[in-house]
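Look for chain A in each of the two complexes below; its partner is chain B in the first and chain C in the second.
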Partner chain A sequence: MQKSLHLDPAKCTGCLQCEMACSYEKLGEFNPSRSVIKVFTFHEEGRFAPYTCTQCDEAWCLRACPVDAITMDLASGAKIVIDDKCVGCKVCTISCPFGTINYVQETGKVAKCDLCGGDPECAKACPTDAITYIDANATGYDRMKAFAEKSLPSANTSA
Partner chain B sequence: MKHHIIIGAGPGGVVAAETLRKTNPTDQITLIGDEAAPPYSRMAIPYLLVEDIEESGTFLRATDHYKNHGIDYIQGRVANIDPNTKTCVLEDGSNLSYDELCIATGSTPISPPIEGIDLPDVHSCWTLEDARQISALATPNSNVVLMGAGFIGCIILESLVKRKVNLSVIEMGSRMVPRMLDENAGGLLKQWCIEDGVGVYTSTKVNAIKLADPDINNGSSMQVILDNGASINADLVISATGVKPNIQFLQNSGLEIDQGVLVNNKMQTNIPNIYAVGDVAQGMDFSTGEYTVQAIQPTATDHGRIAGLNMAGKNAEHNGSLNMNILDTLGLISTSYGLWMGQEGGDTAEIYTPEVFKYMNLRFGIDDESDVLVGATTIGLTQHVGVLRGLIESKIHLGEWKQRLINNPMRIMDAYVASTQELDNVVH
Partner chain C sequence: MSWTRKVLRVNLTTGNCTTEPLNMDWAKNYLGQRGLATKYLVEETDPNVDPLSPENIFIMATGPLTGTMASTAGRYSVITKSPLTGAIACSNSGGFIGNEFKNAGLDMIIFEGKAASPVYLYIENDTVEIKPADDLWGKSAWEADAMIHAKHQDPNLKIAVVGRPAEEGCLYAAVINDLHRAAGRSGVGTVMASKNLKAVAVRGTKGVKGLEKPAEFMSAVNDGKKVLADNAVTGQGLPTYGTQVLMNVINSVGGLPAHNMRDVGFAGAENISGEAMHEPRASDGKANLTTNGACFGCTIACGRISTIDKTHFSVKDKPEYHGASGGLEYEAAWSLGADTGVDDIDALTYIQFVCNEDGIDPISLGCTIAAAMELFEKGKIDIEETGGIDLRFGSAEALVAATEAVIAGTPFGKILGMGSKRMCEKYDDPDLSMSVKGQEFPAYDPRGIQGIGLAYATSNRGACHLRGYTIASEILGIPVKTEQADSDGKPELVKAFQDATALVDSAGLCIFTTFAWGMEDIAPQIDAACEGDWSVDKCLEAGERIWNMERQYNNAAGFTADDDTLPKRLLKEAIKSGPTKGQVSKLGEMLPIYYEVRGWTPQGVPTPDTLSRLGLS
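And now, the complex of A and B:
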C-alpha cells in the first residue's frame, strides 16, 4: 500500500519540530530555513499549516526538468532530485504550481521532499499528529490534494 | 497499429514520444532529430560553458532510453512533408510514411542583418556545436561582445564572466530582457551586471562587425561598431538577438502557418492527423487567449504531453500555456509570469528595494477577477516561486488575501496555502 503524508493544519501548534527534523536528516544540522517542509503561520486566524510537496501525479517538476534529474522512486512514489544530474537551471521551480521545489543558492541545485526514502522524519518528529504518514487512501489526503490541484487548466484530461 | 512520426528531438518532441508510448504501448513511434548528438537540452548549455557538466550532462535522457521504450530514434533532417500521401521526405532522399505526425522542429537563432555577422568568430549560442566554438574562443582576458540582452544572452552571461572574459553586452531595447522584465526589474539586472564588471549598453545597436589587424587592435581580431559611434574590440561576438520557428520546410504543406504552425487546444493543426508542439507551434496563451509562439521550455513539455495523449487516442485539451521565465544572471534570480505588465485598471502589489536588489510586483485582474493574480515579476526570490503559477492558473479568488498581499507581496505562499487548505475547519 502506497503511503503518503497527511498534513492537518487543525492539529499543528507551530512548534517547528518538523522543520528541525527535516533539516537535520538532510543536512546534519538544525537549519529550519533549509527544511523542505514548512510551517506557515497565520496570525490573523491563529492557525499554523505545515506544507510540503504532495508528490502529485502530474509531477510538473519531473516533466519540466530538461536533464532528467528528477525521477520517481517506485517504492515510495516520491519524486526525487538526483543531485549529480541537476544543473540548477530552476525550470522546475517555476513549473511546480505548489511552490514546493526550491532553488538552494548554497548548493546551486534544487531541493524538494523525498519522503526520506519512505520513512519521513517530519512525521516522526510531530508531537501532535498534524503530520502523519499513512495509507494513501485512508488519509483523505487525496481530497486535499484534489482541492489543491483543482482547476489547474493544463491538467485537464479526459479519457 | 499506427505509425507516429515526431520531427524534432528537443523537449517537446521527446515528451510527446514518451507520453505516447506510456499511453499506447504498441504503436510504432519514430523520433527524428537532426543534430549529431543524442537529444539534448539547450537549457543546460550555460552549465556546459562553465564546465559544471560534460556534454552528456545536457542529454535529455540516457542514450538507451529511447530503445528501451520502443521509440525508434533516427538522425536525419526532414526536407518536406506531403500530407496527401502522409509521407515525410528526408534530405537524404528517403521517405517515411506516417499515420500521425507531430512537428516539434523548434526554432533557430535570428541572424540580424548586420555587416560582418557571417565572420568566422561570430557565433550564436544555441546548439552544442555553438557551445564548443564559444568555449574555444572565450578564454581568460579575451574580449567578448554579446549582442542581445534577452533570455539567452542573460542566461549565458554568468558562464562568460566565469570564463574570465572582458564582456560587453549590447541591447537595442531600453532595458535588459525587455520582453520578460519591466523597467524596475530590467534596471536592477543592469545595475547588478555593471557592479560585476560587465559593460552593459542598452538602447544601443551594433552597426557593423569589422575584421581588424590584431597587431594594431590590442590583439583582437574584430571591432564591433556601435550606433553611437563607439567601437569595441572583440575576439568573439555572440549573437543572441532572438529565435524564429523552424517552419521553412512546411511552406507548401497546406498547414496553416502564421508566426508558427497554428494549433488548437489539442495541439492539432488544420490537418487533423498533424500536431505541432513547442517553439514551432503557435498555440493559445493562457493569459490573453491569443495564439502566440512562446518558445519556452515549460510550454514545450506541456505541449508535448498534450499532443502525445491525443496521438494515443485520448482527448486532452489545455486552456492555454502560461508564459513564464526564470533567469539566473550572475546569481541574481529573476522570474516573470503571465501578464507581468499588468492589465489596465488592475491593482498591483509591489515591493521595490533596489539597494538590496529585491523586487516583487504582483498584478491582479479586472472586473470579476479583481482579486485573482494574473501576472508577476520577481527579483531575488527563490522560495516557493512556483506558487505564482498555481495562483495564476487556478484563478484562485484571493478575497481578503488580496489586501494582505498588497500589504506584503512576499506572502504569496501563505495566500496559496490558506486558499487551498481548510484552515478553519477541523477535518477528521
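And now, the complex of A and C:
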C-alpha cells in the first residue's frame, strides 16, 4: 500500500517539532532552517499550516532535472534527490508549482522531502496528529466522515 | 555538551562586540539560562549598582536544552538587576527567539554600558552589528518589529524589542519577542531601554548539535513527550483552556483575590474564564479564542490566540486590533479583571494586546490600576489627578483609559508606570500596595492558600507565582495534595518547589512541564544532552545552589528578613466571605521554619555550612 503525508492545518499548533525531527533525521542536528517540511504562521488569522512535497506522480522536478538527479523511490513513491548527481542548477526549484524543492546554500544542492524511506520522522514527532502518514487513497476520508456524520438522522428525531 | 560554549559580549558604550568561551566550570554548577547568567551577573556587577545606570548589565541567556527537541525547550531568560524591586530580575520567555540565539551559536549575550543614541543589535550567525535605531525609538514593539523585518527583508528574523513605556521609564516594562511572548516581569524592558537598546534581531542557521548521548537523549525526550500527552493538565486542560483553566477553579476554592485584594471571590470570574473564551459572542458568532498556539518545540501548546469583538468600544474604530493575536492568560485576566472588578472579556483582551504591542507586564499594570482605584475610592486621587478618568472599580472604560494613559505617558500614566509601591507611597497610603519587594502579586490569595503566601514573601524577585508554584500541590494535588488552609509542611513544600523551579528555569524548559514532569523525567533529558553528571540529586542541588546565590545577591543589595513579608492586609484583614472566610496568612508561623529548612540564620542569611555544602562562598 502506498502512503501519503496528510497535513491538517486545523490541528497544527506551530510547535515545530516536525522541523526539528526532519533536520535531526537528515543532518543529526536540530536546525529548523534546514527542514524540508515547513510550518507557516498566519498571525492575523491565528492559524498555523505545515507544508511539504506532495510527491506528485508526474513530478515537475524530476522531469525538469537536466542531470537525472531526481528519481523515484519505488518502495515509498517518494521523489528523491541524489546528491552525487545534483549540480545545484536550481531548474527543479523553478519548475515545482508548490515551491517544495529548494536550493541549500550550505551544500550547493537542492533538498526536498524523501519521506524518510517510508517512515517519516515529522509524522512521528507531531504531537497533535496535524501530520500523519496514511493510506494514499484515503487522505480525504476524515473530512468525508465528518460530512457523513452530519447526514446522520438526529438521535432524538422520531421516525 | 548542548551548550554552544560561546558568549557574545556587547559593550554598548564603546560599540565593541566580542565573543568568549562559556565558563564551563560555572556551567557545570549552574547549568544555563537563569542560574548561569545570574552567576555572570553576580561575578561582574556590584549588587548595589543603580539598575538603570550603564554599570548594570543586561543578559539574554538560553539553557543547554534550548533549541533541542525536548518538549518546550525554546526558552530564554533576561537576567539583570530590577529597577522595580532593586533585587535580582530574571524573566523567562517562550516564543521562538531562544532557539534562534542557539542556532546562531550563542548561549548568551551580555550587554554592558549604554549606547550614546538608540541602537539595535543585529545577529546573523557569526555576523554581529550594532545598528542605529533612531527611527525605531518612539515606536511600539509591534511597529519596531515590522520595521526591522522590512529593513532586512527577512521574515525568519526573530526579534526581541521594547515598546514606548520602557523608553519613558515605566518600571514594569517587558521585553517582547515574536510579537506576543514576553520576558514580562520586574521591569527588564526598562533596563534594556535605559541602555538605548531598542531591539535584538537574530537569525541562526547553524544547527543545535553536540548532544552528549544522542540516542539516550531522543529516548528520554520521547518518554517526556508521552508523559505530557497522557497527563490531564498538560494533555487536556492547558491546550483547551490555557492557564485560564484556573480562573473558575481558584475562584471556587476561595483563592481568587478581587478589588485590590480587599475581597476574595469575584462574581464576574466566569465571564473572564477560559471557558468563557470558548463561548460564541453575539455580534459575529465567533469565540474569543481562535486557536491554541505553541511556543518553540512545545507539545503542550497552552498559548491563547484570540480576537476582540470588533463592535466593542475599545476597538470599534481601530481595525489594527481586529486580527488575531496573543490572548488572555490567567494571571493577566485576574490582575486586569478580578483585581480591578472588571468582567468585560473584550476589554481585558484589548489590554492584553496593548501590553504585548507596547511591552508592559499586565500583572503589575492591573494591580497598580487596582491600587489606584482604591486610592480613588478613598479620595486620595481625584478625577483631576487622573486626567479625567473616572477610576472606579468595575469600570472597563476606566481600565482601558488608564492603560492607554500608561502607553501615552500622560502625567497620570507616568504615575501608574511607577508601580503600586511607589504610587501608594506618593499618595501616602503605602499599605494599599499589594506587592512584595515592590513587585505586584499574581492571582492567588495568600490568606486562602497558605503556601503560596510564603512563596511570595520569600521569592527572590518579589511577589511571583513562578518562583515556587505551590498551587500545584495545594489546589491541584501535584505531585501530592496538601491542604490549602494548612501552614504545616509548607516551608518544606515551598523550598522543594523553589529549588526545582530554579533548575528547570536554567535548562531551557518551560515550568509548565512540571504539572506532569517530576525531576525524574527532567534530569534524564539534561543528563543525556549535557556533559557532567545531571542525576536527579545533582539537579536538585544545583537548583538549591542557584536559589541561595540569588538570595546572597539580594542580601548584598540591602534586602533583609524584614523584606520577606506580605502587605498588612493579607496578614491582618481576614477574608470576609466564601469557603476561606476568616483566614489570614500565617506567614509569621511559616517563615522561621522556612529559614531553618533552608539552612539560613533567623535573619534569613545562609549559614557558612549551607554555603559550603552548596559550593558557594
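Here, the second predicted complex is superposed on the first by the 140 of 159 C-alpha atoms of A that agree within 3 Å, B and C clash if a C-alpha of one lies under 4 Å from a C-alpha of the other, contacts with A are read in each partner's own complex, and residues count from 1 in each chain.
By our rule, a residue touches a chain if its C-beta (ideal position, glycine included) is under 8 Å from a C-beta of that chain, and two chains touch if they have at least 3 such contacts.
Being a predicted model, the structure only gives us computed values, none of them experimental.
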For this session: Considering only touches as defined above, state whether A:Glu45 meets chain B (first), chain C (second), both or neither.
Result: both
Exercise. Where does A:Pro97 make contact in the superposed view: on chain B (first), on chain C (second), on both, or on neither?
Worked result: first
Problem set entry | Touch count on chain A, higher of chain B and chain C | B
For this session: Please work out whether A:Ala125 is in contact with chain B alone, chain C alone, both, or neither, and reply first, second, both or neither.
Result: second
For this session: Pick one for A:Gly14: touches chain B only (first), chain C only (second), both, or neither.
Result: second
Problem set entry | Shared chain A surface residues [contacts with chain B and with chain C] | 44-45, 47
Exercise. Which bits of chain A are touching chain B when the two form their complex?
Worked result: 7-10, 38, 40-42, 44-45, 47, 49, 51, 60, 63-64, 66-68, 85, 87-105, 108, 140, 144, 147-148, 150-154, 156-159
Exercise. Across the complex, what residues on chain C touch chain A?
Worked result: 67-69, 71, 96, 99, 103, 156, 179, 204-209, 214, 218, 225, 229, 239, 290-299, 301, 305-307, 323-325
Exercise. Taking the complex as given, what residues does chain A use to touch chain C?
Worked result: 13-17, 20-21, 23-24, 27-34, 43-48, 106, 125, 127-128
Exercise. Touching chain A in the complex: which residues of chain B?
Worked result: 11, 15, 41-44, 46-47, 52-53, 57-62, 286, 297-298, 301-302, 305-306, 309, 314-322, 324-326, 328, 331, 333, 335, 337, 382-390, 393-395, 404, 412-414, 416-418, 420-427
